[in-house]
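Two complexes, one shared chain (subunit A), two partners (subunit B, subunit C).
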Partner chain A sequence: MTDPGPSPSPEQAAAAGTLAARIALKQRAGGILVPVVTVVFALVMSGIVLAATQHSVHTALVAFQEIFDGAGLNWIFHPTTNLIDISAYNLSQTLLQTTTLILTGLSVAFAFRCGMFNIGGQGQYFVGLVVANWLGVDFAGMNPFAHILLCIVAGTLAAAAWAGIAGVLKATVGAHEVISTIMLNWIAFWVASWLFGAGGPLQNSTQPTVPVSNQVSSSARLPDFWGAQGFQGVHVGLFIALAAVVVFWVLLNRTTLGYEVRAVGFNPDAAAYGGINVKKNLVRAMAISGAFAGLAGALDMLGGTTNYQFGQLDIPFSQVGFIGIAVALLGRNTALGTLFGALLFGSLLYGSFHGLGSSAVIQPELAGNLTYIIQGLIVLFIGADVLILYVWNSRKKLRRPPANPAQPAKATAA
Partner chain B sequence: MSDDLVLEMRNIRKEFPGVVANDGVSFDVRRGEVHALLGENGAGKSTLMNILYGLYRPDGGEIRLAGKSVSFSSAREAIQSGIGMVHQHFMLVPVMTVAENVVLGSEPRSGVLLDERVAEKRVADMAKTFRFAVDPGARIEDITVGQQQRVEIMKALYRNADILILDEPTAVLTPQEASDLFEILRTLQREGLSIIFISHKLNEVLEIADRITVLRRGKTIETVPSEGATEASLARAMVGREVLLRVDKEPAQPTDVLLEVRDLHVRDDRGIEKVRGVSFDVRAGEIVGIAGVDGNGQTELIDALAGLQKIESGTVEIAGHALTHASARAALDAGIGHIPEDRQRRGLVLEFSIAENIALHDYAKPPDAKWGWLFPKRMVQRARTLIREFDVRGGGPFTRAGGLSGGNQQKLVAAREIARDPSVLIAAQPTRGLDVGAIEYLHRRLVAERDEGRAILLVSLELEEILSLSDRILVIYEGRIVGEHTGDITEEEIGLEMLGGRETAAA
Partner chain C sequence: MSTWAARLDNPLSARLRDPAATGALGIFLGAFAAFLAIPPIEARTVTWPIVVGIVAVALGIWTVSRGRRRLGWGAVAAGVLGIALGMLATRSSTENLGSAFDATLVAQTFSFATPLVFGSIAGMFSERSGVVNIGLEGMMLMGAFWGVYGADKGGSWVVGLLVAAGVGGLVALVYAFFAIHLRSDQIVGGTGVNFLAVGITGYFFVELYHNNPVPNGVSLLPNVRIPGLSGTGFFAQAIGDLNILTWASFALVILAYVVLFKTPIGLRIRACGEHPRAADTVGINVYAIRYGCVVLSGILVALGGIYLSEGPQGNGSFIFNMTNGRGFIALAAMIFGNWRPAGAFGAALLFGFSSALALKLQVYSSSAATLFQILPYVLTLIAVAGVIGRTVAPAADGKPYVRQ
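And now, the complex of A and B:
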């Protein structure tokens, strides 16, 4: 440990760190190029799968265009605010999806910045969703602004407290957050299933046999800023999510709280030596992380669906919390990166379903599976970031001009 | 003469992006000699040896082994030509035994399986021949760092190395382990091995080497026989200017007691009592040195004073104020400055910028922050001032601390701690791993801070550092102070106490 030279490589420095710290370090080493390469790689791989299954490169290219159009991204070629226009409608749905993913992505990213891996975004999202539904139904007729505020704040705080449990467990008995947040996910899910299930306390009072919640009262609904009669419009939650991106950045980079989070995330020993209370920070960062996911749930409840169907058999088991992990990793756990990551995944999720689902070139029975394959490949490639970094580095080595053949044959320079 | 040269390296050149690590370096080794490669950090020593070992390919120059020109494209080829290298970071498999590690890659087999017995026997024979004092059946994770290093050496010998490269082998060793290593090296030398010994420590090089080659900024400065060379002459060649090796200081004029420790007991993280009833005072204007072999309670003592380790019993007072069960925050606020023993693990957040690292203790106080809001510009401004004042080189306020050299990292830590104007400054291993230039700077700075009226507690494993800086020396052994000295005492006498030789003397 006395190597006096320049600092150890990220690999060395992280060798002793947490899993989250190791991943974060690997990623920082890659800069902005690697996420871009990751996405390109994943798309190329998906293209190969498409071309192979369809026995046609042309079909693969058309499928990509269908995904692009399905996400409404072709809207930029002929912009219109009229939701009856298909591209405008698709874009509006992509934006709704993106809103949620921005927040679940920020949730994962914030915990990462404090050296923790929050896999509990899904559960925290449910907590926000449930609390917002409960208050959104129960306080019907309140002043809309107050009602919305109440539901959002309560949903967010409840999710923060929920995630805080994992933080407390880590700080007090050292329970690993990966394990505890996964367990909390299941608890949240089954509690919600019971609450909304047949005979449950929050179950729909007019349809006693259907496991579905009540509709959120109109006084708690988020106004649409881009909508039309009969369409699911884009609600103001998008702006709240964008504001959250700014809050995330400011919190981390302009407050003492953020300084502490980053110090603990990089090096808890040095943070403690600096006079920072590490345990307090673990709990607090986990709670803030949960707050972002809870906010996502609350906005989805008040803006999008306004009721939710939880059942034991037909579980519309949303994956937004988990996709948030991919979003954050792709975005390097930064504010801006997460925003772009969410946009990408939002487009991809909606675009691949609706583009391939109504594809002109791909058989409908294949389309659904291909959708999953493409999404899976992207997640896989982000997970395999380390590999891409490696490939990238070797490529740089190979490209050295032959006039200068020198290259480390092995990365073991002491 | 030249026919007993086993190795010649001529005009070796190696560039990295932005640095010429080796710039026409020439260097040769005779059969059976210990040839030291001396130079400050970054001088290019490791690069040169990595070239020889086949890990890097040179951009120019020639390597001749026993007169024949060679060019290795991998370490495997170098090993086959009889070159062995012990890196600064060992490359052993912790869960495997000594014997398994030694034979790894060229195992004796019975069928497809490792012939454990043959392996162990061969390794045991070797250990005996060279008096390695390592149990071939022990697991790597259970043996000391010094023993692990011997395993690395055995690995090289097992592959029939006749040139052995040791890259800063003593950096990880205690003084006792270092002298054991020297014994082993002399034995190997008698067996006809040629040894390349890399170091930046002058005394070691003079002790072990037959000839010394000094590198500075990638260039060979000189090759001299160690007879006739002095620490001063070598330091001059290494640094390129006259270096003050002895610390120049006036006698101390201690005044008030600023740090008072009474009957302190501290347990380590595993619950073992490491500090067992320590009492001492440090006054304003004096440097009190704590001498001891590593692991005798120094770390726990310092951590307890800094609020980083729970105090079992006893009291600590800073300038008359009780600080016994304080948090790290409270200790900092009470006026403790602390240069920690591991600057990379604890002293710095390597991923943070220089400015952010300077703010590490006071990030939440004005002028760095107010009501929880940070003012990065003010941090940067303060960093600029301190970078200038403490001569931190290699970057500005926005540079990542991890990108600095060890010496500059340490200056950065010292700058932060001293700039807080502490009444008590704890300096733990303040110059570990640094080169002479940086050591000189830090030593002078510590004396200057003493003269400013701070109470300085110096903890070091380097006896020489303790002797040259301290106004008063306490010897710690197994968690107790077993000796206290002012003025004249020899290294041998203290060395004896450090090993528990005179446990009767009490503080």
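And now, the complex of A and C:
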């Protein structure tokens, strides 16, 4: 992930003083060129698919316009606070989606910064969801503040412990975290299916035939600050997610813990030589990573994003943990980048599933799958930043071919 | 000749004291302990499973003490499991047992194992050459959808098979380009392939079939009836009517073993996975070998995918995201089997057995059957944790190679 690609030395490029050179310098610092190009490329590719299968470029363009409107982003052009306004409602739903994705994205990003690929965000999300539901139902009538705090903390810690299993396995026996988190994902998937399914311990007590959990009691529900109270309004979890972005940044960049995590991620051998306990950091980073995903699950449950309950049949359709991978990669595993990545994917998800759901332009089901295609293309191409940088650099090489013969040799050595 | 002669010269007692033999015997006895209590033998007292199980555990402990930890602990686990299953079986009624443990369970096990065998052997070719293939799941899904499409439009399951293999190979080729030439992170790239496959198959399922199951009358993968094995006998029900791809999967395991471990090309593949620089130095084209292996991997796993939609369970219909993690289980089977064909086959059968048993358990308690689905994942987690012995990946697995 840290491969800077065969780019010329940034100092040289910056000295040239061109716009391209300045972008190249930013690129070295983890810049925004690759993510932006990737997104544009993915949108164009999916647009081509759309235009080709619908035999109309116009349809494809209108579809993208509708995704934009469906996500409520057109609200910016005519802001009203009236919730009957459809664009305001759409925007509020996009923000709900974004809240979840910020946290699942941070989860993947944190593990990445320690050199690990936490593919288990989905399982950790389920753990947070289940624990929050269990405690949210069982301790009905508690003081709301204490109840909410209990559910959030317990859900977060449980998910941290769940992810910690993968960290411990990696630290002690060297089991690859990708394999163990995939396995933990499926274990969480089936355990949650069992818990919420017919005859399961957390299944609805009033409707024994419906494979859905109980609704969390009103004392554990997060207040909504925008939209109809209790009916998919935007809950205060959005602020918790934004706070988590700040916590992520401070933790990584301003604390000893973060320094150690980044050092291990950059080069475990060098970190160990420098006196950092690598094993401890692997476990710790994995647990913190899981905590973010668990928090996402807890907030979704308590905030009403999932209508305060969860069904067995909803489980296979929940993809937020996996989308977190795309969010983090797009955000280059930084705090701010993840925030923007979450906003993009939140808009895409809600805009295509629901915005186009009522559209007459293309078949509604097509749009949802289009989001998966866009997501797949983004993940595929973001990993191949070498390609984009290669094209970028070869452009520059063409412009001034024989200027510095030593440069290509240096580039391949790096 | 001489080795065979030497083996024959050995006294029998010395061969029996070989820890490898006692460990294997222990595992066999552990399995046998459970089988004593179920049809066709069906002992109705708990004594026999316990006695045989204890012998298995004892053999296992002895094997561990002689240094063969993996085999020994395997025997101990088999013995304990055998006792537990035997006790459970003797407690339940004969009719229940008859319906749960009959010949169809064997047939179902093979049926559930088939896509996993294809997937795990596919993953093995890719990883033995040094490319991690997390995208198995997506390639399998592509095979499942485009296989039905081919069979539907082409009018024959043969066309479906070819289309599935072609599309699987094509997706794998794209992935190989990213993993090998662009040196992108292989886990990220594979994840991208998985997302993309969900999107593409879902999109064209709506576009071409409007989300309806594919119309009836699609040519299905045929079953192979073995002449002379028909009726209600145990073997007739167990293996008399298996699908053509199930038989192909058995052949594939043997073929994969021969190719990987007994031919020069197999040696080259493994060299690329263990030490690509050394392989390059002696003149092996690492990139060509890796491209070949990844594409082969895509073709094979897509054949596992078409079995899901065009096989006896799918009945010619595609469902959105129908692989539902089977690509990952295949990956797990490969790891569980320690990157070896026979091991992967055994693991695939074990996972297939647990799925088949879960299906049978559905009759008694759907809730327990749901929970039972975690078994393959827990076992794989235990396997990678090294409790039963370390699994060792090829040394250069997942590391891009840069030519010099």
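One rule holds for everything that comes next: the second predicted complex is superposed on the first by the 320 of 414 C-alpha atoms of A that agree within 3 Å, B and C clash if a C-alpha of one lies under 4 Å from a C-alpha of the other, contacts with A are read in each partner's own complex, and residues count from 1 in each chain.
Here is the rule we use: a residue touches a chain if its C-beta (ideal position, glycine included) is under 8 Å from a C-beta of that chain, and two chains touch if they have at least 3 such contacts.
Model, not experiment: these values are computed from the prediction.
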| item | value |
| --- | --- |
| Contacts of A:F322 with subunit B and subunit C, given as first, second, both or neither | second |
| First (subunit B), second (subunit C), both or neither touched by A:N369 | second |
| First (subunit B), second (subunit C), both or neither touched by A:R254 | first |
| Which superposed partner A:L61 touches (first subunit B, second subunit C, both, neither) | neither |
| Which of subunit B and subunit C A:A263 touches, first, second, both or neither | first |
| Which partner reaches more residues of subunit A (counting touched residues only), subunit B or subunit C | C |
| Partner chain(s) touched by A:V173 [first = subunit B, second = subunit C, both, neither] | second |
| Subunit B versus subunit C as contact partner of A:I119, first or second or both or neither | second |
| Which superposed partner A:M183 touches (first subunit B, second subunit C, both, neither) | second |
| Interface residues of subunit A shared between complexes with subunit B and subunit C | 1, 3 |
| Contact set on subunit A toward subunit B in their complex | 1-8, 12-13, 25, 28, 253-260, 262-263, 266-267, 269-275, 277, 404-410, 412-414 |
| Subunit B to subunit A touching residues, read off their complex | 14-15, 41-42, 46-47, 50, 54-59, 73-75, 87-89, 91, 167-168, 171-172, 306, 308, 327-329, 332, 338, 340, 342, 344-352, 356, 359-361, 363-364, 369, 372-374, 376, 400-407, 409, 432-435 |
| Complex contact set, residues of subunit A against subunit C | 1, 3, 49, 53, 117, 119, 169, 173, 175-176, 178-180, 182-184, 186-187, 189-191, 193-194, 197-200, 316, 322, 325-326, 329, 363, 365-366, 368-387 |
| Residues of subunit C that touch subunit A when the two form their complex | 134, 178, 182-185, 187-189, 191-200, 202-207, 210-211, 321, 324-325, 328, 331-332, 335, 365-367, 370-371, 373-374, 377-378, 380-381, 384-386, 390, 393 |
